[in-house]
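In order of appearance the chains are A, B, C and D, and numbering begins at 1 in each one.
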Amino acid sequence: MKINLNVDVHHLTRVEGHGNIIVKVEKGEIKQASWEVVETPRYFEAILRGQRYDAAGILTARICGICSIGHCLASIRATEHAFGIEIPEIAKKLRMLAKHGETLQSHFLHLFFLAAPDFINLKSVIPLLEKNPQVVAIAARLKGLANNLCDLVAGRTTHPVSLHVGGVSNFPDKRKLSLFKEQLKQSIPDLHATVDLFRTFEIPDFVRETEFVSLKGVDEYPFIGGNLISSDGIEMKEHEYRKMTNEFVVEHSTSKWCRLSRESFAVGALARLNNNYTLLHPEAKKVAETFGLKPVHHNPFMNNVAQLVEVVHCTYDSIRLINEILEYPENTPTMVKFEPKEGVGVGAVEVPRGILYHEYEYNQKGRIVKANCIIPTTQNNANIHYDIYDLVRKNVQKGMTDEKLELLCSMLVRAYDPCISCSVH
Amino acid sequence: MLFRIIKKEDFKTFVNLMLQTTEVIAPKFIKNNAKGKPIHQFLPISNYDEMVLDYEKCEFSAKTYFLPYKNTLSTFHMKDHDWTQEIQYRIQPRAIFGLHPCDINALVRLDKVFARDFYPNPYYISRRKNTFIVGIDHLPCDDGFCHAINANHITHGFDLFLTDLGDRYFVKINSDRAFMAISEVPIQEITDEDTKDYLAVRKQISQSYKVSVKTDDLPNLLDIEFESKVWKKWGDKCLNCGTCAMVCPTCYCYGVTERVSMDHSTGKKIAYLYSCNLLDFAMVAGGHNFRPNQETRLKYRYYHQHRGFVESYGEPMCVGCNRCGRSCLAGIDPVNVIRDLHEEEKL
Amino acid sequence: MKYLFMESKRPKVAVFDFTDCEGCELQFANKEETLVDFLKAIDIVNFREVMSEKSDEYDIAFIEGSISRADEIERLLTIRQKAKFLIALGSCACFGGVNRMKNKFPMSDVNKEVYGETPKETLPVRSIKELVHVDFEIPGCPVSKAEVERIVQHIIWEVPYQFPVYPVCFECKQRFTICRFELGELCLGPVSAGGCDAPCPAGGTPCWGCRGICAAPNFQEFFNLAKERGFSKEEVIERMDFFGGFRSVTGSK
Amino acid sequence: MRLFTPYDVTKESDMLMPLEFTRANRLMHVDKTYKAEITNIIRLTEMEKLFHIRIINEEERARFSFLPGQFVMLELPGYGEVPISISGSPSNRGYIELCIRKAGIVTSILHKARRGAKVGIRGPFGNSFPMEKMKGNNILLIAGGLGMAPLRAPLFYVTENRSEYQDVHILYGTRTPDQLLFTYQYDEWKRIDDINLQIIVEKPDITWSGKVGMITKLLDELPIKPLETYAIVCGPPVMFKFVCNRLRQFGIPMHRMFVSLERRMHCGMGKCCRCNIGSTFICVDGPVFDYWSVLNLKEAI
């Protein structure tokens, strides 16, 4: 057989951060098929040493510009666990609302701006401005609404300012909240239009048996804290996260790799959905069904659909949360008082791209002695790598051109919505 | 002016009635500061219980409801190389409760600039005339010097004015619209008893002023002390932050800026309150600054309030509420500055 | 852009990122209500985070992030050669940003802490202007999109842009925000460059000075007033070093 | 509860006075601008252009009149408003002449404008030079740099009423020869209007054959009759300080010397306080002041 293929994607586009895809096939034999992360490391864990507890959340938000709210929440949760703080109910609800805002914002960004162009043969959304302005308008409306939700609850979309150790600093303006609820309700037709749009896309058919790791929901679809679960049947406590990730350094990547029961595992929207399907809002389940998405689904390209399902879930759940928050009087305390103390704490939060862990060890002055952060994309990197290999293996025989394979591989990586600069924090 | 008595529960009904049709601004409790003292601010309320009438002083004055920090003066609609200008004045009625005499006096002084002088300002006038003002007497605050600057009594510039007599308010009714409005709830004629109680409260108030400072000779003093070292002493502390002017109930200096939309279809002309303590207040194109240093800028603020304004309008612009002193992080307090000027003169 | 018988050209714009979180370039896709108009006013020809088209012909290059590797220096030098106008976007690009706190430690130590026995290549963090000439700086962590829009308008018309001269406090007051000092916290507002609309104090976090020093800072008085309120000079300096915009005062690396 | 009837300023009768920007008038729309068209643009130097601006609405144009020394607020909708002295003749009711230097945001964009562009103007604002009072006297018009722009209005007034004034001198100084404004009019002034025009530059170039030095040098050569002379001095503050002091040495009373002050201005109506010095507003009490008043204004120069 004389199949030779060569794909060399230097700095993959439409993803956050810098990564390369390299595929070399000589005479039908795969010489190399790899995913390399070449992002510049920023050494956050080293910088965190010596920081005061109130700086940790502000600093770690800067790990990622897209999921800064998630990082901030994981960070303050770790600190709260270290100090033994229990935050008020209302603060939990507000944090969840901010979390939803971020999930929505990030998923919309990915679905419309990063993923969709591949399916309609465009190189970015910008040509879409001319070709299909309605889609851009829908995207702008939905994403705008999500951003405004973040602004209202977290004080800012990127790098939140209202989330603190001990709770949330402000009770948001009730009038604005009710207005928001209405706007969310009005956005539902836009959501359906999005679903319809994605139904016209041809999602590549590719399956590789994978282990999925996420938080385990008890009576709610999980986003903040709780037990850790894998689709291979492993369950652990939040603080046992190291046993769930088993991080290790590899030569060709500035991001570390992770493994659990197999050589790699996946996290993200698909993992969450696979592990917590029953807890989805009924409307979200309906959307999942129309795409034939049922647990446990092993096609990584379906992560885009899982995001779409989550978007529907988060919209309905935000409406429920706002209703509950509106029940509280406006002067309900949203913060608790506390004293910093020596200790270790872990915070696990489901950010848009999967499960995120922060762990800090504090001295008695409330300063960090040791820090560890494990980012979703770090956990996905190995899986992306093996997925690429398998994808190449399955397609080598099909007489594929370099361009076609390059696109397919790129789409695969984009489906994971990797957050590379995050993973190399 | 008419005098009446209103029971507190009737007053509550009055406020709630008003809330049905009108936006109501009142002192609202925000939170306690680091020392445990409550912080209040003039904010919109949605029911009577959110209103705190026995507050000490709001951090910010209520001037923003008359001179907003940012006010769109006009909107330009641009199309095909041409444009039209649209101007709108605010005409939604609004009520402000709980203004202290100094705050009402501050409005009276702003009236002189914006409503009575040449070039009356319709933006201000429409807000002023569409605002129903309910003032209230109170025991003097710790750091105010309103009495020293003659701003602790009011005779006009409000609709209703309350004095707390325990279970009831002594009400001064100063406009026909106020009389119509308050007549919606039961009010009583005043009795001798009421007058006695009222005078007792007034007496208590007038005996409780804490700060003493001489201000009547300031116009003259400021001229003589134009080169005084006092300015350097206090000017060196100034952070050039404009906080003093922002919280002040009378400071009205502003700037005008325009913003154009990204697609050049609309332009907005916006007036924004500014402060003479800010670096570029008197800076012109090309970079020349008529007041390049802190000391001259700080001096100018006093000079305008206590000298220039007196010359133009017969009284100082300052009403002695001392919000500027309280909120200045550098601790530049007008009482101390004025005392220093007097000291300097004696030397 | 067309306006009242005046016309300006649509500049070709490229966006590049280096050592950072990509939060600033994300702002380009935010402020959705004017996004379409923004994209029409400029011609984005190179923006890896959101598009696959690439062109090396551009007038304006936005540089996001700080520099901490040899290959980044090379890439930056090439961009500088090609760009007519180079803009440092965000605090990382302008000052080094939070990444700069790494410079407190030896590089071998940070590598050991994160990668153990298999260190990765890294250099002390530097801002863009420490390596190449920068035509304009837009600080902020993240930058404010509204401000970016206005600056872009000014660039298109080739007129100077003037940042506000007032410190953050001024905008706090305009938002009715309670001063963080009054709540017993340390805030860099009085010496930090305003123009961000003071979102942090309003949201419950004191200002950490992400936009650097304001036009007329009074550091002597600021240290005084912080001390009077119980904050030591070390504490203030630690805060000032967070985003790296106060190095001319703190003297840090 | 019907609290009160909403009050609409636009309906108030005494606010409904016609749009006239003289001090005594009350007016309704203080913010309303006349729409005006740029009918001609004359490039004077690298940095300065002369704009001819015509108010579009005929009725408004007929109503617009000004006195030498007054200024207008010129507005580029969406970009800003700047105070500019009127540089043309008060008797020219067809268009307004504005000589504008490219200095900052608004003026830079304005320099990109083409004929036909529609701008806004408000005004005229401020007081004026006492041209009536000056009649029968010698007139000294002294300009430094861009100071020539505001000086042109009184100059037009003088030339149009030439017989009512005695000797007229223009002393004009710039830094370099290429900064000289209105060079095309010099001949007319000299020959037709019988004006003694003296020009001096600080830094000559190879083409320059005229006088070199500071503007005060020109003064020394003039035959001045102090009590029969009025002087108008326009230019940067340092310049008019030197010039006025020299004129004082010649014995010209300070109330016979006039200067036009420049300050930051944002409203033109004595409200924004940007041009305020104590109780004096440059925009309404000025911009024209006699030198005695200037000396009494704290920090005026």
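Here are a few things to note about the model shown:
We take it that contacts are C-beta pairs under 8 Å (C-beta built on N, C-alpha and C of every residue); 3 or more make two chains touch, one makes a residue touch a chain.
Note that this is a predicted model, so its numbers are computed, not measured.
Two chain pairs, B-D and B-C, are compared here, and B-D has more C-beta pairs in contact (counted per touch definition above). Using CA-based centroids throughout, the chain positioned farthest away from chain A is D. If each chain is reduced to the centroid of its CA atoms, chain B and chain C end up 37 Å from each other. Taking the mean of the C-alpha atoms as each chain's centre, chain A and chain B sit 50 Å apart.
Centre-to-centre, using mean CA coordinates, chain A is 64 Å away from chain D. Across the assembly, chain B contributes 78, 81, 83, 259-261, 264 as residues in contact with two or more other chains. Chain contacts: chain D has residues 76-78, 104, 116-118 touching two or more partner chains. Residues 17-18, 20-22, 73-74, 76, 78, 81-83, 85, 87, 89, 91-93, 95, 113-114, 117-123, 125-126, 129-130, 132, 177, 180-181, 184, 226, 252-261, 264, 266-269, 271, 274, 276, 281-286, 290-291, 296, 303-304, 307-312 of chain B touch chain D in their complex. For chain B in complex with chain C, the residues that touch the partner chain are 30-31, 33-34, 39, 41, 43, 59-60, 64, 69-70, 78, 81, 83, 236-243, 246-247, 259-264, 272-273, 275, 278-280, 294, 327, 329-331. Of all residues in chain C, those touching chain B in their complex are 1-5, 34, 37-38, 40-41, 149-150, 153, 165-167, 169-170, 173-174, 176, 178-179, 181-184, 189-191, 214-218, 220-222, 224-225.
The touching residues of chain A, when paired with chain C in their complex, are 11, 13-17, 40-43, 45-47, 49, 55, 58-59, 62-66, 68, 109, 113-114, 117, 123-126, 129, 133, 136-137, 140-141, 143-144, 147, 154-162, 164, 168-170, 249, 251, 254, 421-422. Listed in rising order, the residues of chain D touching chain C in the complex are 38, 76-78, 104-105, 108-109, 112-119.
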